[in-house]
Each structure stands twice: as C-alpha cells, then as structure tokens.
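Per-chain residue numbering starts at 1, and chain names A, B, C and D are given in the order in which the chains are listed.
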Amino acid sequence: MAHDSLYAAPSSSSAETERRTGRLTGLRGVLGSWDVAVVVALVVAALLAGVSVESFATGRNVQFLLLDLVPLAMLALPMTLIVITGEIDLSVASTVGLCSTVMGQLWLSSGLSLELICVLVVLLGAVLGAVNGVFVTGFGLPSLAVTIGTLALYRGLSFVVLGDQAVADFPASWTAAAVRDIPGTSIPVAVLPVLLLALVFGVVLHATAAGRALYAMGNNDQAATFAGVSVARTKFWLFVASGAVCGLVGIFWTLRYASARGDNATGLELTVVTAVLLGGVSIFGGRGGLLGVVAGVLLLGVLRNALQLADVDANALTIVTGALLVASVVLPNAVADVRARLHRRRQRANPVAP
Amino acid sequence: GTTRENSGNDPGAGNQASGAANPDAQIREGLKIAFLPKQVNNPYFTVSDNGGKTAVTEIKGEFKEVGPSEASASSQVSYINTLSQQGMDVIVTSANDPNAICGALNQAKAAGAKIVTFDSDTKPECRQIFVNQVTAEGIAENQVKLISEQIGGAGEIAILSATANATNQNAWIELMKQQLTKPEYSKIKLVTVAYGNDDDQKSFQETQGLLQSYPNLKGIISPTTVGVAAAARYLSGSQYKGKVKLTGLGTPNQMRQYVKDGTVDAFALWNPADLGYLAAYAGAALAAGQITGAEGEKFTAGKLGEYTVGKDGVVVLGPPTVFDKNNIDKFDF
Amino acid sequence: MSLTDTGTPHRRTGNPPTGAGRHRRGLTERLLAVRELSLLLALGALILVTTLRNDRFLSGQSVKDLLLGCAILVILAVGQTLVIVTRNVDLSVGSILGLVAFATGSLFLAAPGTPWPVAVLLGVALGAGCGAVNGGLIAVAKVPALVITLGTLYAFRGIDYYWASGRQINAADMPRSFLRLGNQTVLGVPLLFLAAVVVVAVVGYYLRSYRSGRELYAIGSEPAAARLSGIPVGRRVFAVFVANGALAGLAGVLYAARFGTLDAAAGTGLELQVVAAAVVGGVAIFGGSGSAYGAALGAVLLTTIGSSLAVLRIDPFWQQAVVGALILAAIGLDRLLALRMAARLRGRSAHGA
Amino acid sequence: MSPEAPGADNAPLLVLDGVTKSFGAVAALRGVHLALHPGEAHALVGENGAGKSTLVKTLAGAHTPDTGRMALDGRPLELRGPADARAAGIAVIYQEPTLFPDLSVAENIFMGRQPLRGLRRIDTTAMNRDAERLFERLGVRIDPTRPARGLSIADQQLVEIAKALSFDARILVMDEPTAALSGVEVERLFGVARSLCERGAAVLFISHRFDEVFDLCQRITVLRDGAWVSTDRTADLTVDEVVRRMVGRDVSSLYPKQDAPVRGTLLEVSGLSRAGVFSDVSFTVRGGEIVALAGLVGAGRSEVARAVFGVDRYDAGEVRVAGRPLPPGSPRRAIAAGLALVPEDRRQQGLVMELSVERNATLARRRALSRLGLLIGGAERAEAQRWTRRLQVKASRLTAPVGTLSGGNQQKVVLAKWLATEPRILIIDEPTRGIDVGTKAEVHRLLSELANEGLAILMISSELPEVLGMADRVLVMHEGRVVRELSRAEADETSVMLAATGQGATA
C-alpha cells in the first residue's frame, strides 16, 4: 500500500486534512487517544466478564486465554510495523502452516535434532518473508496482491510437504513445555517470549530513528526517500522479520497442538489484521501504535473467551468480531463528525465580526 | 539434542481404564453433557447432535452443543478448555485432528470430565470411549460391494475423497484397496483417488476431471457426504448420467433427487442421529460408572439396546444402512 | 520576472498530434489491450497443453463444464472490478453470496411456488442491500473499505450461520424450473455463462464509455482530485458497492440454482479468489486502471487452471501452490508492462523527439 | 472602503461578502470582501498563509464558509460542493495540480463533461480532438492520449490550465498557475486570459510575482492574516505599495548575496549522464559559493540534483564530496557525507503531510538526535523549535500536521528540515517557489549567511532575478547539458537567456 491512501490522499485536499485533524483532535478531546480507548475498552470488558461470567476470573481460564492468544499476539507485532509502513502481509498464516509442516517433515524423516530443526524453521520463515519482501520492494509490487499470492502458494506448498499426513510424535517433554506455566503462577511460559518481542518491537517503533522512518514512509514514501530513509531496504527487512516470527509461531503451534499438518493456522491472517486494525493502526499506514495493538489482541481474546464461557453461539462470535471491527473505525469518525458539525453550528450562531 | 530416535515416545500406549466398572450403577439426573462437533453449521453434525439431545433428555441431563464455526483443531481446543472450565460431566466430541486436541482432552479428563469421541476418533489414550459409526472394515466392504454390483463386477473405478488428510477417509480407502485384492473383485481396477476437500465446488470439478482423465471409468466411490452429492450433481447434468455409476456415503435428503432421477442406484450411511444418541448414552454410562472404557463392558443405550465396549474402548453403532429407490422415502435427515 | 524564451520552438511533450478525426486508440487503452491479450494467450496455452495431454478436455461436455464452472466467479470478479477501480475493495462478497444463496433456498422452502424470476429479483435485492450496508458505512462514515468489508465478511457470514443454524437445503426443496437455470444450455452454451457474459459486456462497456464509468476511474486514480473536480465521490462509491452487492446477490442465486445443496458455508473463502481473479486480470489493486473484460478473463483463467490440473491429474496438493504462483506471475507481468510504458513515455518526452 | 469601490464601472459578476472560515483555532479568512467584474482580471495577493488558497477553495465550493454571503449576478449563491461551482460557471486552477495519473490527458481535461454521441456514450475521438485544440490555443504540444502519470510539473500545470479553459467559464480562478511555468507559457496563458476577459469573463489571479500581477490585472486585492486590506485599481498602485500593504512594513524584495571568502572545492560532479534526461554534466561548487543552475523548465536541472543526491541512479559519471567519491543511489550516504537537497515538489518529496511540523523538521536528522539508538523527545523538540523559529514558520503548534500549513510555510518547514542536518553542501531546488516577498528576502538572506559560514550551495531557480542576485556563478543548462558557465560579472538577463534557449552556446 503506497503512501497515497486508498480512500483519500492525505494533504492534497484540505477538506480531507480538515476531517483527519478533526478526527485526531476530537479523539484526543474525548478519549486521549485511540490507544487509551482500546486499553479502557479492554479493562472494562475484562471487569464486566469477571463479574458476570462464571469461572472467567480463574487462574486456569487466564492460562487458557493467554495460550490461545500467543500466536495471534506474536503475528500482530510485525504486522503492526508492516501496516504502519503502508504495506500488509496476508501470507502470515500460510507461512505458519508451511513452517509447521516442514518442521514435521524434518522431524519425521531427517533425523536432525529438534533444536536444530527449530533453528532451521525460523530461518525458513525468514526466507519465506524475504520472498514477499523481494516481490514487494525489489519488483515494486503492491503487497496486498503479492501476499494474496503467497497466501495461496505457501498454503499449497505446506500440503505438498506433508500431503495427507500429520506428524504428531514430538517428544512429550517439548509439547508439554509449550503449555507449561511459569512456576507458581497460572501464566504460560510462552507469554514471556511474546512480551520480549513486544518490548523489542515497541521500542523500535516508538523510540528509535528507524521507527520514525516507518511512520514517514507509511505516509509518504517519496518524502521519506528524500530524507535519507532506505524505504525498500526497511520494508524488506520488515517482511523478513514477519516471516521469522511466523517461523516461531509455527514451532509454537506445532508443539502446542502436538501436530504438524498442512492446514495449521488456516485463516488466522484475517484475525491478525482484525486485531491490528482494532488496535488503532490505520490500514493506509502512517498511524497507530503498538500499545493499542497489544490491547486490541487482548480485547479480542477476552471477548471471545468470555462469550464462549457464557455459551454464546460460535455464530454470534463471528458477528461480534465483525461488528467490533466496523465499530472501531466507524465510531471515532462518527464522533469527530458530530463534533465538527456542532462546532460549525456554534460558529454560525455567533460569527466573528469582520 | 532431541532426535526422533532418543525422544522415547511410545505411540499407541493403549487406553488405561482406571478403576472398576459397576454395571448396576444408576445414571444420576442432571448430568451435564456437552457435544462438541467438528463444526457447528454442518448439517450432519446438527442431526447427530440432535440425536444426542434426545438421549440426554431421556436421562434427564443437561444438554449443550458448542463448537467452532470452522472445522479446525485449534478452535476445538479452546472449546474443550471452556467446557472443562465450566465443569462438564461428559464431553462428546468429534475430533478435527487425532492429536491436536489430545492435550486439552487430557486436561479436561484430569478436571473430572468423561470423554467420548464419535464419528472421528482421537488417539485412544485421550478419551475413554470412541463411538464408531461403523467399523472401517464394514464401510470398506459395503462400498466396494455396492460399486461392484452396480458396474457388474468389472471395470475401472475411482475414489473421490474429502480432504487429503481426513483420518476416516484414509483408513477406509486403505481397507477398500485391501478389499479389491479379493478374487471376486479381480476385474475391478482402482485408477486413482481424488480429493474434493469436502468443498462442493472442488468436488464437482474433481469429478469432472476424473471423467475426462479416465474415459473408461465405470464407477466412482465417494465416501463423504459432500463429495457424493457434488459428484451426483455433476453426473445428473452430464452425458455420463446413468452410465458412470456412483455410490458412497450420503444423506438421504441430499441424494433423494439423484436416486429418483436414476443418477445413483444405491448408497449407504449410518443414521447420524443414532450415532449421537449412542454417544450420549455411552458418556452417561461412563459418568455413572457403569463402564470405564475397558474391553468387554456392557451398557444399555435407550432404544438402541445393549452395546459392548470393544478393543481400545471402541463401541460400534452397527452396519450402515443402504438407501435405494425403494426405501429412501422412509428417511428424513 | 521569469525566464522568457522567446523565439524557441514549442516544447514537445508528446508525439505530434495526428490529424484530428482519425480514430486512434490512446496509449492508456493500448496498454490494457496488451494486458488482455496476454491473458488470452495464457489461457490458450493452458488449454492447448491440457488438450494435448488429454483430448477430452475440449469435448463438448468438458467445455460446457468449464463455462459453467467459471460463470459465478466471472460475475463476482466483474463486480469486484467496479469496486477496486475506485480504490476500494470488497472482501465481503463471499459472505453476501452465501447469505443470498441460503436466502434463496429458504424462500423456496417457505413459498415453494415462487416463480424463479421473483427469486432472482429478491436475491439481487438482498445482495444490493448488503452492498448498501458496506457502501453506506464507507461513504457516510468515511472509513476504509478494506476494514469495513473485513468486518462485514464476518458479520454477514455470522448472520448466515445464525439463520441456517446447521440446516441444509437440498435440491429436492427447490423447484425444478429454478434448478434448471443452473444447468440449461442455449445452443450448447450454459445459461449461467450467458448471464455472466451479459454482465461482463454491460459492465465493461459502461466502464469504458459512460461518464459515470470514467468517473469511477478518476476516483480511484486520485480521490482528492476527484472531489475537487466535482465528482460526487461518496455517491459513486456507494453506488459501486450496491452494484457489487447486487452482482454478488445474482451470483448467490445462480449458486443456489447450480449447486442445489445449500448450507451456511456456501462461498466461504471466495473473496480471495475473486480478488485474485481481478488482480490476475490486470485490475490494479490501488484503483484507477483495469477493465471488466480483464477481470473476467482472470476468472476464466483461474477456473480453467483448477479444471485442467484436475484433468492433468497433477497432485492435488500442488494445485493451490500453482494458483499462488500464477497470481505472483500475473502482477509481475503487469509491473513489467507498466515499466516499459514508463520508459516509452520518457523516450517520447526526451529532447528533440 | 466598500468592496465594490473604487469606481465600479459595471455591475460585479461575483461578490463575496464577509466570508469567514476557520480550521479549528486557525482563522484562515476573517470577513473577506471581493467583487469580480466582467471583463477584468483581478489579482489577489498576500503573504504565505494570508488565506488566498482558502478563498479560492471557498469559491470553488471545496470549503463551506463559516459565515458570509456569495452572490452571482446579484443573486445569492450557495455552493454545496465543487460541482455547484462548476454549474455556476466558475473554473478553478488549484495551487497544487489535481490530475488523475491513470487517465489520459484528454480525459483529465474533460472529466465529467466528455463529449457524447448516441446513447450518451463518450465520443473519444471528439474528446481527443477538442483537447488538441485547447493545447493549440495554449501553444503547447502534449499528446492527449497519453496518461497523465509522468508529466512534469509544468506540463501538469498546463493540463490544469487547459482544463479550466475548456469550461468556457464566466469566472476563471487561478491559484499560482505560473509558479512552475516559464516565460512562453506564461505569455500564452495571459493571452488566453485576456481573450476570456474580452468576452466578458472575470478572472481571479493569484501570484507572488508582481511583474505578472501588474502585467495582467486591472485590480488588486490585498489580504493580510485572513483579513481584507484593500482593493485598488492597478494603475493606482506601485509594487512597493502593494508589498507594504501585504506585509505591513517596507521590505526590499531582493537580498543580494554578500561576498564570502571562497574555500576549497566541496562538490565535484564530473561526466554525469542519465539516458534521455541529462548527459555529461560536470561542475564544481566551492565552500562559501552559491552556484546557480539556470535553464528553462524541462532542461533537466532537477534531475541532475536528484542524481547527485542519490535519489535517482545515473548511468555514468562521478560525484565527489570534498574529494571523496560519493557512492551512487543512496540519499542516506549523501546525507552522511554532508549533502542536503531541498526538493522542488514539497508536497510529494519534501514533506510527510500527516506528520507534525516537529517530526518533519527533524526527520532527516533523526539518527543524529538519538543516543544509543533511542530517540530523545526533548532534543527533537528543541531542534525543531530552533529552526522553525529561525525561519519564522507560522503554525498553530509544532504538533500540528504539516499539511494544515499554508504553502509557503510548508516550504519553510522543508528548509528547516534540511538546515537542521547542518550540511556542508546544500542543493536547493526552486528555494522560493510559492514563497511571499517578505519570506523570500529572508530565505535569500539565510542562503547568503550560510554561504558565509562556508557552505557550498547549488541553487536551481527559474526566476532570473533570483539567479542574478544570488549566484556567484551561473551554470546554464539546455536540453540536458550544461551549455554555458557565467561568472557573476558576465551573467545578465541576455546572456543567461541566450544560453538557456540554446543560442550562442559555447560550453
């Protein structure tokens, strides 16, 4: 997604700028910022669920909830950065699938040690990400189209790798480790690497020169180039990072479910994108933050878990996810619009003397 | 490092039934029995879960059906966790993956739930009872027999399966191949197995591909409800109608039209409602302590009568029903 | 004061204009034609290779199957083209199709005597209604289409699931006259395919030859400029989503007629295929260029690949991978063409042309 | 003074009365009056950010005024959108070109008004023919069937002009249409505008070039800080008077460069070529020196600058900075080596419109501002403040998106961004395009100061007075080659002009 936004080019129309700034200031006035709004929504949802849904606020449930969220959270981190630069990676779930089946195939037939296999799988993920990166930055193709292509390609390859088999005989010590808790708590160990990654991505995005460059290129990659940002190189490495994280998720997925198969993580890409957008990242790039995304991931998890516990139909869950996503983009704009209209009316009522 | 050789895995550590069974134990009222199909929204499971509901109502228990809207193992895991969190007495499930949901099932078992699988099994050690709709041998025998009768005992046939890694289908296909080695089928040649991914359009296309690739094809076996319906639809609208025979596993409602218009002579299926019904009873029997899942134990499943637990905790519903022009109108599912 | 270059010949930025009145195809159009031609060639090559391996691939039955198989995707891809050209995207088409298909089935269950044209109209109307929800949210609340339609992808599907609640509607529940729509042929050509051809022709011609059609390209090419030149952007985008919804609705009804067996999962995952067809057909994902003809050819190509892989008995596991590779190849080709055109434009405007 | 004064000889065509428009806290227009008379060209002048473009957009229906009335032919006029303005016969050329890159030039011109044939279908042949006729009237040759993508800024501006002309509008509004044009095109444009006036249309013309204003217009309205200051007949005004009203004080419109000691060679370009764009370009720039790159629009000056800076690749040649070769194709290395490039197109190349003034000002310096890889917020702000203050950027806050600033103020932010990198070599492309007189002098003073501090400055400019006033040496380019080098003493209007048009060139 290039700097020229899909819906309306920034800056070129001042009406548009007016609306956007209106939205920003409006939000800042009402809620502080979108990040804060998502965090508040998360806290409210968790409190409500804790009070009204039986057995929500138990250690075991927290463990289940967090374990379910690990892949989503991991994938959302690099996705946030990619979307901020104005690109998108729809191939993440397929990359996870391919990494998982390759891990299974290697374990099944290569005789290599599992430690080595894990390293190889992360490398494989990075390579798959690099393929996306080459197509997007090297050949200058739109990432949406490229990753729809690799979405199909990688998923297809993952069926080619393992065919109709499922590899399931991973050592029990490893599969157990994937779901183990931090001693003395009901928080899964797997949360730690997620936190670490979140910290790394957060610092890079918000507190480094590279992070600034990401926002700049998300808004206007030409201006970023003129300011000495290596746009292509940065995006390339982001795709590589995304791929490597997919490799990690592939390993986690395989071990957690003790099963490597071609259809692992099918359809996860849409959930990841949902979480990122819910977290306040603009699909056109240039806007959003990591805190919001992490809160968005948790919000999604809490809602799903609570609704499941409350025996809400899976179908209703589908509707809720969709509605949440729509609301997350419509509401802020609606609020800003109403305020702008009120403002104008006030202005009309008492005009400035010439 | 950890390699496959030294990892010390012991696949197929049989089902260890704990404690002793008490055949005379009473099923208490208010048992919480949950059905977790591969996917809600799948008509087949709607029917079987309703069978389960009938049974649960008979024993005055609490019935509940939950499940993911897409057939994936990972979302099943999260539902199993929720169910064990809710303190279910019995979880009756059909596994999307024999291994992936094992961990969650074991956790649920540890939390006190009894686990029954139906339709699609997990590894035996992850559940107490598997209610099998029919033995794999039974299916294979039945399907091969049906097609052989229809094509006159000679000619090329093909199989149109579901997804390439569907456990059931693969087991059946293996056994069908064994059946075909029997002398009475020596003139029948299985040319290929195609996969329709349990997707209507894909199955349709695959059927089309089969007929073009194998001009001498005489018959198709499609042991999956989606596949057989799609194949029937293709055949009924093509020049091959009635010439290329089709059989498989399908529901009477889906296939009625094609049986009547002569596309299909006969096909088979068990009664999915009975399957759910039996699974619910098996779960209740487990919860009551009438059985533990050990071989040879007996329990009564309401209107279906008495069943015996077989090897590895498997209970078999019975032989499949064959549907044809004469009897199809008696069924509605 | 600025530099004055009195006395120099006019700066040239293009070819000297040829005589007025002579019909010329613009550069812009010629590029599109090249794109469509390359698709046709690819399609031809594919059919040729498959036929060489298996001559039944071109038998009457098989061609009929091919045409039947691609009709629905073609209709959806054409609708999607309308949307993508305006720099939007509609990911909810699969869900709309599913919803409408199930609704059509339910209609026949509730009122078995309904004549089929009524069913078609109602289906199209329901689809248009769904499209209006999308378009309304996007145009009124001014939010990106990708996000909104990702949301309604879930929401419409959820409603569909909820409604169906695991039920299935079978061919036997629908009148024969309706089901025949899905299979009937006119002079050997399936009715369904004819419907698709009509849709392609109408939309394709509209996009090329009508002011409002051209305005869609303008909107996609530079939305802010479109607004400043007085194009009613909001209204056009809304209309485009309604039209796409209506086409998805039509596709849903045809789906019901063709497949006969309906549950709530009809059309799941179709959205990516549809977008892929449009992209393969040369519709630029960022709007402003592409044609309905190209998108239709893209859809035909994708379906043909599906069939020919099945016919060639290529390991089914490879199929998805091939489709993915094809998408990459197609957008790569587009890029190549664009680069060559850019180079040509530079050559033209170079000095002393 | 009433808006119709002085001496309205005919009834005004269009009247704006008490128009107010604010963006949040910024009052862009405060009770502005304007009356456009048929057959007259009317100039609107004012400093950057005075509200000229806002007024234009209000006239165009793109902005709804907060208060105030508009009247056309004495009847109240309410514009709900650009379409209404068109319907009312108002044609607008915006300050920034608004073309559709994917569509053909002809379609760009006639969008929404394409000639039709039967069944309301578009008549492409007629459309292309009409476009050709328009270009003939303007005396330029642009292929109407080519896509608008890839047109140079000047050509884009010409297409915009053709578009506005095609309306046969009663009111033609032009917001700095000449900023990117050279003499011929400006003359042609004026010719067309005059003939429109003769046919009874009214023209509203905005420019920062007073020679043009005085050449074309019969009346001049001055805006200051969004408020109406005066409307007078051109004949009653002098340039100095107009400037005083605009700025509120006296300014010298030019600030000649002070002589600075010339130091060692900092930038050395030899044999630089890029196929089809420029060839065999060689020159040097020394510290303390301002070298101007002059030439007609399209001569390839910007391309050379971009190639030197590493944004574009080149096919042959070498760039040396202080004796060391600069690797091609990497703006990052160029910045590290001490180069800065103020690009010609601030909207596309200079600024990230959605980011704040502060972020933009420090964007090119973000690495230098971080410690151990982490950015320090305070240092960023201080740096931004320092430069925006020095350049007198008018912005409500430093955290406001830079897109909300007026054109000239945006240009200052671009300057701030590059000066903040403390370069040794400053390449500056059209430094004062769209900048008002007061600031222009300020920019010139600044450039002179920087040269004094030892910077090597390569300045590209299409404004001859600027070139003659500022440059120590003038390099003249013609069709991609440097055809002439003139010392300060040799350079005058004639010599530069002759070389630029390729006559009497002795390279």
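Methods note: contacts are C-beta pairs under 8 Å (C-beta built on N, C-alpha and C of every residue); 3 or more make two chains touch, one makes a residue touch a chain.
Please read all numbers here as calculations on a predicted model, not as lab measurements.
Asker: Between A-B and A-C, which chain pair shares more contacting C-beta pairs?
Answerer: Answer to which pair has more contacts is A-C.
Asker: So, what's the distance in Å between the C-alpha centres of chain B and chain A?
Answerer: Averaging C-alpha atoms per chain gives centres 37 Å apart.
Asker: Approximately how many whole Å separate the CA-defined centres of chain A and chain C?
Answerer: Once rounded, the distance between the two centres reads 29 Å.
Asker: Could you give the separation in Å between the centres of chain C and chain D, each centre being the mean of its C-alpha atoms?
Answerer: 41
Asker: In whole angstrom, what separates the CA-based centres of chain B and chain D?
Answerer: 74
Asker: Going by the touch rule set out above, which residues of chain D reach two or more other chains?
Answerer: 62, 98
Asker: Going by the touch rule set out above, which residues of chain A reach two or more other chains?
Answerer: Only 12-13, 15, 159, 163, 262, 313-315, 317-318 qualify.
Asker: Give the residues of chain C that touch two or more other chains, as numbers and ranges in rising order.
Answerer: In chain C, residues 157-158, 161, 165, 222, 224-225, 227-228, 284, 287, 317 touch at least two other chains, as defined above.
Asker: Using the touch rule from the top of the page, what pairs of chains touch, sorted by label?
Answerer: Per the contact definition above, the touching pairs are A-B, A-C, A-D, B-C, C-D.
Asker: Write out the stretch or stretches of chain B touching chain C in their complex.
Answerer: Residues in contact with chain C: 40-43, 45-46, 69-70, 164, 192, 194-195, 200-202, 204-206, 208-210, 212-213, 215, 229-230, 233-234, 237-240, 253-254, 256-257.
Asker: Could you please specify the touching residues of chain A with respect to chain B in the complex?
Answerer: Touch residues, chain A against chain B: 54-55, 58, 60-61, 64, 68, 107-108, 111-116, 159, 162-166, 168-175, 179, 253, 256-259, 261-267, 304-305, 308-309, 311, 313-315, 317-318.
Asker: Any idea which chain C residues touch chain B in the complex?
Answerer: My answer: residues 54, 56-57, 59, 61-62, 65, 69, 157-158, 161, 164-168, 170-172, 182-183, 259-261, 263-266, 268, 306-307, 309-313, 316-317.
Asker: Given the complex with chain D, which residues does chain A contribute to the contact?
Answerer: Contacts found on chain A: 10-15, 17-18, 20-22, 24-25, 203, 207-209, 211-213, 215-216, 219-220, 222-230, 286-287, 344, 347-348, 351-354.
Asker: Can you check the complex and tell me which residues of chain D touch chain C?
Answerer: Listed in rising order, the residues of chain D that touch chain C are 60-62, 81-86, 92, 94, 98-104, 106-107, 111-114, 116, 120-122, 124-125, 128-129, 132-133, 135, 139-147, 149-152, 155, 178, 181-184, 186-187, 209, 211, 276-277, 294-298, 462-465, 479-480, 496-497, 500-503.
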